[in-house]
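The following pair of complexes shares a single chain, chain A, combined with chain B in the former and chain C in the latter.
Up next, the complex of A and B:
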């Protein structure tokens, strides 16, 4: 049967690379768009609330009350912008949205603590933005809880109260960017990969060069693989670049094995690039193919991959659909490797999905591509 | 002659697109080293036939052999033994001349020393020595087409398919291109070339006249012209389209057709026809500048053959 000819495959790959290098649009798509998307999405999508404007009413005025206020500031979630005489002063400021919350420390706070009694503090919240209020409340709870624990550990109390101890795994500072950036890399690559290759076959049909190629002995698998190779290298470079940028700009940790990430990326890209070639071969028009690639990858990768919306919270029908969204598995892999240093045992399901996706993508690309002029 | 020693052998080859028959039971045979022409208007089925023979299109029915290999079954093996140049300029405009040569050399498995010598040969043949670093898209059309021919024969194929290779280029560049074709044929390459330029067709050893998917005549240009046994008058007049109308149904006139700015009129005999044409045009108020008898051109033959079949010229 057929055997792959390295000379022919290389000739196609080299030609594709040369064309890519001379096409500013493709170069921008390959190298600029990932950075742009990473930075824009990285800053825009955040579920964190930082630097909430906090008003402070400290009726106690002791070292203990100041320590609690410092704990709020040190958390990074709150910034004390107003020191008020009494809670009533906060009304107007809260109304006008100049303050998001007010912390009221009653007189006798230090005394109660020292005596081992409950020492209540009050937090006034602007409930107009219920979401922010809820998150601010939970941050405040956590800060107060940690403060209480410090007090206990310093031996100021003899009786250990029962304290809820909330521990957040993998993302101890609860930074949503740590969740977003690895997922974002997966989403970006789903989109870029399919868009890059969606142009490649359609362009050849539009310009009439496909007819010339088709009349040479090049086998369609050589053509597909040859076209895929430069884009695969670009894709791997993009992932490396966005990973490094994610670490530098957003401080995302990379706890897992880089080689595992590279292997998973290679499989995923093969599938996604193959999908792009399939779309390109189906439409034979650059414009249509590009649009189809956007629709086929962008929305599912953004919405149905678990990137933004929890899959477990979706209706059953949508949940079923997510199983065929490749980005879902790739996000699982990137988050797993970045945040948990997850190994093969934990990721093999995703890995197998990647292998299936790569195979299906390549098969679709090869089967859809006919050397014949008319179908 | 059998399919074993013919370069190309075609029997009853047919291609339908839906209810439209693009190529209708075409049969012919091309000898090794022959320059074989397809002549006909656009839509005659020339391109479709070439695409079937090069494995770009599957025949609906009929059979064919290229270099002894079966069309539609052994496409991959056929592609190793043929060169093909499609209708549109189909090299990569965004690659340089050298890069185009290297690409097609790679696809045809031409490497190393052979590549170096073939590259020199192509650049010399196309007359573009020293232009290897230029983008192919920047070359004048005539150069592009010679480069495309060079890329199609990098692997020195025994059979070459050229689909309207000179469309759009000026007569001088066309002449230069045909010199290359003649050179290749002299070296033993079989060339199947389609064209709608009549004067180009004269260069072919044999010509297949095609109209509406049918092969209506097949012979040497000289023999084809001899098919036309009636005299032809060339008429120079002030308004050729109206003159064609005026000559319809006139006694002694078999057919009148536009020929450039003039008229070609097929008549039953030269002297009687001359009088009849002059009278008919004068009667309709047309000015007649000159009437002279001319030897039949391939276009006259083509028009007459189509009419004899009771058809019309497509395109």
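Up next, the complex of A and C:
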């Protein structure tokens, strides 16, 4: 085993840096992409569902039924846009997506209520969009439960048998942005790392400069580290930029320790960049390397990391797979540090995973490189 | 301009051979779409199920256990850990091991029996605002219902009230998969079309074979066809593959006409191919093309309604989505698959996607001709 030589490592890093600088458009894109994603995800995406278009079929036409309809409007979650004679009239409107839900109050509603019988009302939902429908349903449940309680109590004071005291931690106003921005850092890093490095070795093969590189008296670890260094700097800069923009524009709090965030980011980036180089060496064409990089890094980071889709809702097989998705741990770290002010004590599992990922990434990159030269 | 079928045929053969020569390439062209389909279909659900819940039960009575049973029996919550120390609950939420914490104070059963209003604390990790909204609703409702049931059994609760019966159309069980799978088809098609064409020209330029192509008697139109037809063919093959898997494996009902689906897909694939060609002609290196492609791909996905509904976006972004071919395509596939509607109900979307594709194609052809003039 050769000893690591700082001079040689530095020379490789400089060569890679010069090559990068000669391609200013790619460099500009490496900084533009995070900003674009931040703006898109931060501004465009909210699940704060309000003013759902509601159709009303009121067969009762009493004060009580009107009061229930008013309760739906007053909640702010629903807006009655259509008053229909028959539930059947809703068919076309739901088909074309002009209504999200229809509330049907049957005749005898007020009579049943007054007699102390259970009075049923029906809510028809456009279930095609399951997510919106689920949220709409839970809003409607809450509105009806509240109305129902008021009617039953008729102004009497009654102690509920059990009172749930719900508290929301870390993000009390339930803002989507606070969830999106820290998670986005992990997704952006995965993409940037894959894009920057997945082509670096494949490019040398396609252009025919691989033999030259192999013939230079540079140890392969020096070569890998040298190739990684410039990209690592770009990645770290991107994270810093995303963090500052996220805090300034979207008001996302950074409650934890910045140094720990930087350390975790460096480890994650090293692993992701190493993985990119490994992919690049496996597929000698840039087209293939690019496709493989998308499949191996971008998709898992987006889908299997808990960025948007909660891991507990997945089938058991996929839940098992998420344990080897590095972005899963990194998102745990970013969200933990940003929102929960968590430190190493709470996040040590994640920290150790980052170290393992960085080591494996570097090892894969180095080993794959030797194979190529020997071939 | 005349097109020589002989030259075009040769060009097509060369391109297809280049694409499929490598077994790794074949695997990626057909394997990657399947992988995406399975990943998205199984993982991308927003159903709140089996939420990891940490329990601190100070009461240790039959009543407190019944409450916990009521919560877990719903399937929405799963007890992932329990302890007697509230500090453990904090740690579980901090580290993300649990998303919900339930603390039942001592004296819960006593208060419940005495009708004094027993208290239960439900703590929800708000980091994932989407899940938290739904989970807190479920928890609050179930705790209340439990209380009312206990009171009703004791005969102390007033009867009556309103009962809400919900029924969801098109997708009665509200499974996200039914909504997602048809949309994933849309993502796969545009990604394939983009990937296969975005590097088509720039690769020849980077390797230096473009000059060779230019000196052959091939015309720009033949060249453009030779570069696009293979991509369209492969994307169509992927469409058949992915749709078949969606219907047979995922049981997604295809309620509308397959012909309407094919028509929309063809127009849509051309939109992707056109943008890909455009990227390929303006980029100088493959890396640059890759990044520009991504710069286009991300907004296309985010502003399409695939994962995030268009109707909750700020108005400015809703206007932008009108220029996104994927947004229109998703409305069409979802309509065809879930609601069984066809071209007659969706003509606006068909018109819109054709317009966007026409625009992209003319831009691509114009730029391509300039490159080879």
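Heads up, the rule we're going with is that the second predicted complex is superposed on the first by the 249 of 375 C-alpha atoms of A that agree within 3 Å, B and C clash if a C-alpha of one lies under 4 Å from a C-alpha of the other, contacts with A are read in each partner's own complex, and residues count from 1 in each chain.
Keep in mind that, in the parts below, a contact is a pair of C-beta atoms (placed from the backbone, for glycine too) under 8 Å apart; a residue touches a chain by one contact, two chains touch by 3 or more.
It should be emphasised that the depicted structure is a prediction, and the values quoted were computed from it without experimental measurement.
When both complexes are overlaid on chain A, the residue A:254 reaches neither chain B nor chain C. Of the two partner chains placed by superposition, only chain C is touched by A:336; chain B is not.
Using the contact criterion defined above for the overlaid structures, shared-chain residue A:349 touches chain C, although it does not reach chain B.
Ranking chain B and chain C by residues of chain A touched puts C first. Contact with neither chain B nor chain C is seen for A:84 once the two complexes are overlaid on the shared chain. Touch criterion met: A:23 reaches chain B and chain C at once. Common to the chain B and chain C contact sets on chain A are residues 23, 207. Contact residues of chain A toward chain B in the complex are 2, 5, 7-8, 10-12, 14-15, 18-19, 22-23, 207-209, 211-219, 371-374. Chain A makes touch with chain C in their complex at residues 23, 25-26, 29-30, 32-33, 36-37, 40-41, 43-50, 68, 94-96, 112-113, 115-135, 137-142, 144-145, 147-149, 151-153, 158-176, 178-179, 191, 195, 199, 203, 206-207, 283, 285-288, 290-292, 294-295, 299-300, 303-304, 306, 308-310, 312-315, 317-318, 332, 335-336, 339-340, 342, 346-347, 349-350.
Taken together, the chain B residues at the contact with chain A in this complex read 17, 51, 54-58, 75-76, 79-80, 82, 84-95, 99, 102-109, 111, 148, 161.
In the complex of the two chains, the chain C residues touching chain A come out as 22, 24-25, 28, 32, 35-36, 39-40, 42-52, 67, 78, 91, 93-96, 99, 112, 115-134, 136-141, 143-144, 146-148, 150-151, 157-172, 174-176, 178-179, 195, 199, 203, 206-207, 284-288, 290-292, 294-295, 298-299, 302-303, 307-309, 311-314, 317, 334, 338-339, 341, 345.
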